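Encoded as structure tokens, here's the structure I'll be asking about.
We call the chains A, B, C and D, going by the order they appear; numbering starts again at 1 in every chain.
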Amino acid sequence: MEKILIKSYKKPRLNSPVLVGGLPGIGNIGKIAADYLVEKLKMQKMAEIFSQFLPPQVFVSEGGITYLVRNTIYYRKFPGKRDLIALVGDSQGTTQEGQYEMSFSVLDLLAQYKLDTVFTLGGYSIGKIVENPRILGAATDADMLKDMKDAGVVFPRGEPGGGIVGSAGVMLGLAKELFGIRGACLMGETSGYFADPKGAMEVLKILSKLLDIPIDMTDIEERTHQLEQITGKMQEDIQSKITGKPEDLGYFG
Amino acid sequence: MEKILIKSYKKPRLNSPVLVGGLPGIGNIGKIAADYLVEKLKMQKMAEIFSQFLPPQVFVSEGGITYLVRNTIYYRKFPGKRDLIALVGDSQGTTQEGQYEMSFSVLDLLAQYKLDTVFTLGGYSIGKIVENPRILGAATDADMLKDMKDAGVVFPRGEPGGGIVGSAGVMLGLAKELFGIRGACLMGETSGYFADPKGAMEVLKILSKLLDIPIDMTDIEERTHQLEQITGKMQEDIQSKITGKPEDLGYFG
Amino acid sequence: MEKILIKSYKKPRLNSPVLVGGLPGIGNIGKIAADYLVEKLKMQKMAEIFSQFLPPQVFVSEGGITYLVRNTIYYRKFPGKRDLIALVGDSQGTTQEGQYEMSFSVLDLLAQYKLDTVFTLGGYSIGKIVENPRILGAATDADMLKDMKDAGVVFPRGEPGGGIVGSAGVMLGLAKELFGIRGACLMGETSGYFADPKGAMEVLKILSKLLDIPIDMTDIEERTHQLEQITGKMQEDIQSKITGKPEDLGYFG
Amino acid sequence: MEKILIKSYKKPRLNSPVLVGGLPGIGNIGKIAADYLVEKLKMQKMAEIFSQFLPPQVFVSEGGITYLVRNTIYYRKFPGKRDLIALVGDSQGTTQEGQYEMSFSVLDLLAQYKLDTVFTLGGYSIGKIVENPRILGAATDADMLKDMKDAGVVFPRGEPGGGIVGSAGVMLGLAKELFGIRGACLMGETSGYFADPKGAMEVLKILSKLLDIPIDMTDIEERTHQLEQITGKMQEDIQSKITGKPEDLGYFG
């Protein structure tokens, strides 16, 4: 068996496409954002990737249908602009080798389409619930930094301290070093305690500006609102137990 | 050394065979059921599989003869029906890579025989002893669900929650995605605390209906009965220690 | 780099050679015995094996010279009898894959020399110091069992319970299944707490009978005697601390 | 993706070059020393090595630019002497396989340049702060030992007890056994508790003699001095807490 198997659905003609990669990770921010993008922009399936670098697992739907763990590549053409490609999936490569190999495979496939830029989306864990998550950034090339700053991305000194680990980092590194393709990572601040639609939404707002593509945020705003009610209620409950009266825990958690 | 070595014993002509795979796992249900099937249906050895994905180990028989860990494929022809193939063995692949590679190898070999359907057998751990284990199911294709329901398989919402992990899941996923072969998994409820012939027996009853092949259940019923006496005694002992009087623990364990 | 690199020193003409394999393991019995055999029989170096399946390590001699971890194959011709080959080394393969691959490589190399039989030497841990260690056995073929029994090897029911794990087991399994070469394992009882020359000596006595090759036991008897004085002293010390008077701990440890 | 990718910058003509390898390890002594050498001798970049044996990670600079983890090879010509090559990097191979493969790749590349000698630099952990770190040595060949002793390297009996593990050891072992290239390891004593410029400086002093190349030590002396002030202060603080008065802890930690 080949270590990575790519099942091709369509081979579109694409104009200097931009890849947006969002796989499971911290706060699941990358995955939530990229899945939302695929849904709202009605992107089309281009290829599926199966691999022994992914968990040996099928999911089972409510109706009882199995679904082998995979990554999927979608695309959508934007006439007059750079076209868009999205990489989404159920898991990153589970090993160091897998993260390199799977990132390389995607880049190697998309290099054939004259891939222009890679954006990887992820979370930046700060260990507490944050009301207004900032979006931290990093880029392979200096010429991308100004646009990112203009779009609201922040570059605080010394953050992220440990660099960017996993698929979101390796993909940028390989894009630059092996394919000569520039890229950037957008990291939404998140508590890291649960799947975080708010951080994902903030990442999408920035991405929307950078790509100059409008994205309807209604649904993700609604999910964010619902989650805030739940976590707000949880904080009140905990706070009452501690102090006897409800209070905001967000910056003290 | 090749990572997987297949030693072929026979190359039978088979009619749209159905594969039944049962390897060690939760409650050892898959292995117990598939081994029983091979024995009761007097199936014939078709191939043996040795691999570095299996434990580096030989077993030693009572007489002192060594036996290298392996998987084995058996077959039996059923004139006028689909023929039967069974995959049994001492271990699943011990790594993620191994589970993909070994499942792929078996499917790749059997695809030459026009494999029609794959059934994988397994256990579904519920953490307590259950008197009447249900058989949960999942299938690659909707057309299989009705037959399974008719045979008594249940599809409770949200179960199995984590999907199907390991060989029983990967084999279905690869069958569908890479070979275009449909399949289903039958999971017998089990405490998960010991090798469970009862869950295996219930899986076999369903399988017998689905395959339309009668299987003599006398021996496995006897083993189930013996085990129930032992575990019943153990429960009484524990119960007496806790409450001072014997009582059923099965649903409260 | 090739995963296993064999550096050949000599390509002798050998007559139906017998391989004796002894690598580090339980009580280091296999390694002690095989190293002793090589030394006492003045065997000659035939090949060295370097591999990424061995630890990434050099040893440093008293004088400061480095020595890369390796396995080494020695041989000695015994005119009129089967010739002898020994496999010794600093480590077994450190992974499951490594144990399969390295065992396979050695067998694959020696199959060219018409390898006749494989003996692997190892320890059988019983968790206490034993005065008269038994030698347990297992063989790939029934025809070897009688000679082994005659030489004093025992085959107690249900032992070794978990089979034979590691190089000593895999080598026999692969010899039989992939090369059609018969083999046996000799396991010396040992506490498993320290490198045990006594168990190794008992293994060598049996091996000497099986191979019909005399081995001078003077040095290993001396080492055994020295170690028994040390461990005997230790037991007395422990015993005095517990009971106030010296006593034998061997069968109660 | 190839497991190791070498990006070549220059292919200089070199005269019997000597390789100095210093990668992260105990006390980071090898890395500090080799990085310092590259900087002070204004060595030129020859090749970069990317690999799935390195962590799946990009670092992010203060300005927000990403940097994929790598190893780098530098060189400098010394007319009339042996030329110099340095191997530096962000990480050793993270696995046993990786340490073998990456060491082999570097040697395989440099063998084309008629590599003459390999020096690997590392730390030797002694678990306490040491005022005058000794430099321990080991070499592949006896002819190197005299020069090393003359330069001040010590070879205490039984040290390093466990041999040399990791890249610094494997590289010497492979150099000798597979390429016929001699080499030596210089190990600076260090507490092992923090990155230790003092140990690195002492290693460099020895190396400077062995290579007959002067190295300006001003900056590393300054760093050493700064660190000693910090650790000295820490020791006083701890000592005051314990005894009520400041005292030297260095030989009692």
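Everything below uses one rule, namely that contacts are C-beta pairs under 8 Å (C-beta built on N, C-alpha and C of every residue); 3 or more make two chains touch, one makes a residue touch a chain.
Here the structure is a predicted model, which is why all the values come from computation and not from measurement.
Could you label the chain C-chain D interface same or different, taking same to mean over half of its residue numbers are used by both chains?
Since fewer than half of the residue numbers are used by both chains, the interface counts as different.
Between chain C and chain D, what's the gap in Å when you average each chain's C-alpha atoms?
For chain C versus chain D, the centre distance works out to 38 Å.
Centre to centre, by mean C-alpha position, how many angstrom separate chain A and chain C?
The separation of the two C-alpha centroids amounts to 54 Å.
If you average the CA atoms of chain B and of chain D, how many Å lie between those two points?
54
Can you pull out the residues of chain A that are in contact with at least two other chains?
none
Quick check of your reading of the touch definition: is the inter-chain graph here a line, ring, star, complete or other?
Its topology is that of a ring.
Just spell out which pairs of chains touch, all of them.
Touching chain pairs, listed by label, come out as A-B, A-D, B-C, C-D.
Chain B touches which residues of chain C in the complex?
It is residues 96-97, 99-101, 104-105, 108, 137-142, 145, 148, 155, 157-160, 162-167, 169-170, 172-174, 176-178, 185 of chain C that touch chain B.
State the interface residues of chain C toward chain D in the complex, per the touch definition above.
For chain C paired with chain D, touching residues are 1, 5, 7, 48, 50-53, 55-60, 62-70, 94.
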